[in-house]
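Following this message is one structure expressed as structure tokens.
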Amino acid sequence: MNKLKTVSIIILILVLVITVFVLFNYSESDNSTAEYYVENSEKDTAATNAVTAIYLNYRVYDSIFETLILLVSVSAVIHFSWRKDHE
Amino acid sequence: MELITGENISILIFFVGFAGLMLKRNVIKSIICIGIMQVAIIIFFLSVGLSPENVPPIDATGLQNVADPLPQALMITDIVIGVGVTATALSLFIHMYHQFGTADWEKAFKLRKDSEE
Amino acid sequence: MNDKSFLISRFIGFMYPIILLIGVYIIVNGHQSPGGGFHGGAVLATVFICRYLENPNQDLRIHYLEIFEKILFSLVLLLPVILLFNNISMNVISNKAYLLIMNILIGLKVCTGLSIIFYRFVFYEGGGLWN
Amino acid sequence: MNNILIYLVLFPILTGSFLGLLKCKKSLKQRILTIITIFMQSALLAGSFYVLTFVKNSGTIIQNIGNWPDFIGITLKADMYAVAFVLMSICLFTFAMIYQLTESHIEARIFSLLLILEGLIIGIFVSNDLFNIFVLIEVATIVISLLIMYKKDTISTYDGMLYLLVNITAMSLFLFGIGMLYKMTGVIDLTGLKDILSVFPDKKALIVPYGLMLTAVCLKSAVLPLFSWLPHAHATPSAPSAISAVLSGIYVKSGIYLFLRIQNVFSDVFDTYFLFLILGFVTAVAGFMLAVSQKDIKLLLAYSTISQIGMIMMGLSMNSVSAYIGGVYHIVNHAFFKSCLFLTAGIIIDAYKTRNIDSIRGVFKKHPIVAIACVISILGITGAPLLNGSISKYWISYGAKGWAEYALIIINIGTMAIFLKFSTILFGKGPDIKMNISKIRSLPVLILSVMCLLGGILSEPIISFLFNVQMSPNLIDYLEKSLLFFISLGIAYLLYRFVISKVNLYKIASRLELGFNGVCISMGVFLLVMILYIRVFAM
């Protein structure tokens, strides 16, 4: 039974990859938001590095949850690495 | 259009990771496969609208064909998510290993089902 | 457990300030050159890992680091809420100062977070005997 | 108070992170925790009422954080549904926290995680930016995997590991879909996407991102092949019952809310209504069949959540306004009676010290308050007349056409069979164990069941208050529906008496459960079927 399972999964993956490639011919987008960032990130946020301007000024809401995920995964690691003689 | 572009490679790597998830019975290998899918997504995002003569978006207000800064900022967030998730999954795996004594999905599944009865 | 090896401690003694310098450099001018809070924090975390390589038996006082991390998180959360969301008029200098402070806060937080994870993994899983 | 939405999301997260530092004596800690939770919850309730009234009379709030131009920063959007769901989740979190306060051993950390989870769920309901939704769901996944395995003595790491890894793979698919969409349209904002996609030239290219995102969303909202991770995650022995009430009541609804938003974005490009009508029906049937064959109370409730979600999915994809409103109202109702059932199950398990359904009897004699609340919520979930379940089921069947009408009746009979089995714990003679239930403990459960009752009786004002829509069921139809209720109750009783209690279903059900590889394989197959279906039918 195991042999059949692996063969069928490999076929499933190949079909998935082919369909994704076949359906994936698309037109490039005229990326308007990217030009905005490059043009006036210096003006709005006084940061020469546009990437820092984005993740600290335009999308700082994401970075807040970014640091929250670190805080939560630290408390998760502390909670899971519990040892019997700790209590 | 040439075949070897960032997107095509990342699609291939993504489905390699996805296939690894389906086939591998070891928990650690599943976590590694999730890491592989994470890397594929990062390659995909970074190669959006990328061409060899792109200039990094630092101090580039007036320049031509500058690299798009938005995916790079998003991928910083995604990398840190990958770190947080892998750290939690690994520490959880150590706990699971000590409880079930095996790193195999099927064996752990049987052990849990017996312990439930 | 693994006791202190002479070679590593000599070499780390030499490498220690250089890593610190690189980490602080990446954090501080994150808004001018490629880098920023997250990258610099990761480099700074290697400083703590060097400390573990230095003397593997000494554990880190996790409790204080945890409090420190929570305070840093609340600062990272409050600063944009106060400055950006209530659209206070920000000129160039205050913007640069805001970016600098945010980078430093995020850098320290990522550094403490990663080092806590590392020490927790080393001392309570691999290193510490799990009976 | 223009950015009140941000404060609604960030305020609980801030207090949550501070609450983790609370280290003091037990009695003092309990007093501080009660003060903080009551203050926090009342502030959030007041804030969400203010937002609700604001949205009711001046339309949806669209707020760019940091007032940047349209698609540059992150925008928060609070329309009628979002605010109704925010209000629902806040008052359910209040009940869960009150229940948790009466727990014997209180730790500050569980309250900090509950507050952080509450802020995240409000954030998910209100956010209008795809990448932001992705980050919020990832943080919520880690918080929930920590909350699921909170009790260290009966920790079941297998369910937690399965939950964590399955949800992380689903969200990687979601992010891959976002990447493809960003490559084609250059926009991550939902409203921006909706405008660009409606005039998008090359529809064929949109199939793959749509398929990827739908697979992730269908996994989060437990559609047929992808739900086997959910019941064991919600009903693990190591999850405090307040947590499983919150998970089953609210967090699954954020999955369905995501389904609503993405269907809304892609509505002019593809119409997959028929596919999700069938998927909803099949999920509901599979849900109640598995639920009937469970021996553990909480697992029974978790599987019945899946069958209710199947019905909600059917209501949402019937392409008729009344069924849509019925589906959304059923989401709100289901949150109320399912968390009430979970909290009563928690009290019963603590009292009887066992989770096996056959060994618990005589709950009516032991403590009638909890039993009454249980009965009311059972009547609610099965759709008895005059209760909120019947109103939402009435509206869903009102919009049902042809075979869907009979499908709903079958699902309803199934739900009744489940709760006939569940109600066996109420009657009969129980073991004479002393039951000291503190009054405060049964308070939230009682209020929840009263809310179920109110939701049914004054349903027109509530629907018009929550969704700004005037919907009044005409009497004759409603009487006919309640007659139908009693007939199907009889059928369900016969079904239960002769089929369910005789056949040992437990053996069959436990074989159907999928391991981690099984869930990933079903995810791959679901993705392939979705892409092929859209390519052939829904273009």
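Order of writing sets the labels: A, B, C and D. Residues in every chain begin at 1.
Please note the rule applied: a contact is a pair of C-beta atoms (placed from the backbone, for glycine too) under 8 Å apart; a residue touches a chain by one contact, two chains touch by 3 or more.
It should be emphasised that the depicted structure is a prediction, and the values quoted were computed from it without experimental measurement.
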Review point. Hey, which pair has more contacts between C-betas, B-D or B-C?
Key: B-D
**Study point:** Computed distance of Cα centres, subunit D from subunit B, in Å
**Key:** 28
Check your understanding: Distance-wise, how many Å sit between the C-alpha centres of subunit B and subunit C, to the nearest whole number?
Key -> 24
Exercise for review: Report the inter-chain centroid distance for subunit A and subunit C in whole angstrom, where each centroid is the mean of the CA atoms.
Suggested key: 22
Revision key, fill the gap. Subunit A to subunit B, mean C-alpha position gap in Å, rounds to 8
Exercise for review: For subunit D, jot down the residues that touch at least 2 other chains.
Suggested key: 6, 10, 13, 17, 20, 65-66, 131, 135, 138, 142, 145-146, 149, 180, 183, 521, 524
Revision key, fill the gap. Flagged in subunit B as touching 2+ other chains are 7, 18, 22-23, 48-49, 58-59, 70, 74, 76-77, 80-81, 83-85, 87-88, 91-92, 94-95
Study note, to complete from the structure: Shared-interface residues of subunit A (touching two or more other chains) are 9, 12-13, 16, 20, 24, 29, 31, 33-34, 37, 48-49, 51, 53, 55, 57, 59-64, 66, 68-73, 75-77, 80-82
Point to revise | Pairwise touch network: line, ring, star, complete, or other | key: complete
Check your understanding: Which positions of subunit D touch subunit B when the two form their complex?
Key -> 131, 135, 138, 141-142, 145-146, 149, 155-161, 164-165, 168-169, 172, 175-176, 179-180, 182-183, 188, 296, 510, 513, 515-517, 520-521, 524
**Study point:** subunit C-facing residues of subunit B, complex
**Key:** 56, 58-59, 76, 79-80, 83, 87, 90-91, 94, 98
Exercise for review: Quick one: which bits of subunit C touch subunit A in the complex? Just the residue numbers, please.
Suggested key: 30-38, 62, 66, 69-70, 73, 76-77, 80, 84, 92-93, 95-96, 98-99, 102-103, 106, 109-110, 113, 116-117, 120-121, 124-125, 128, 130-131
Point to revise | Touching residues on subunit A, where the partner in the complex is subunit C | key: 45-49, 51-53, 55-57, 60-61, 63-64, 66-68, 70-71, 73-75, 77-78, 81-85
Review point. Hey, which residues of subunit C end up touching subunit B in the complex?
Key: 32-34, 36, 38, 110, 114, 117, 120-121, 125, 130
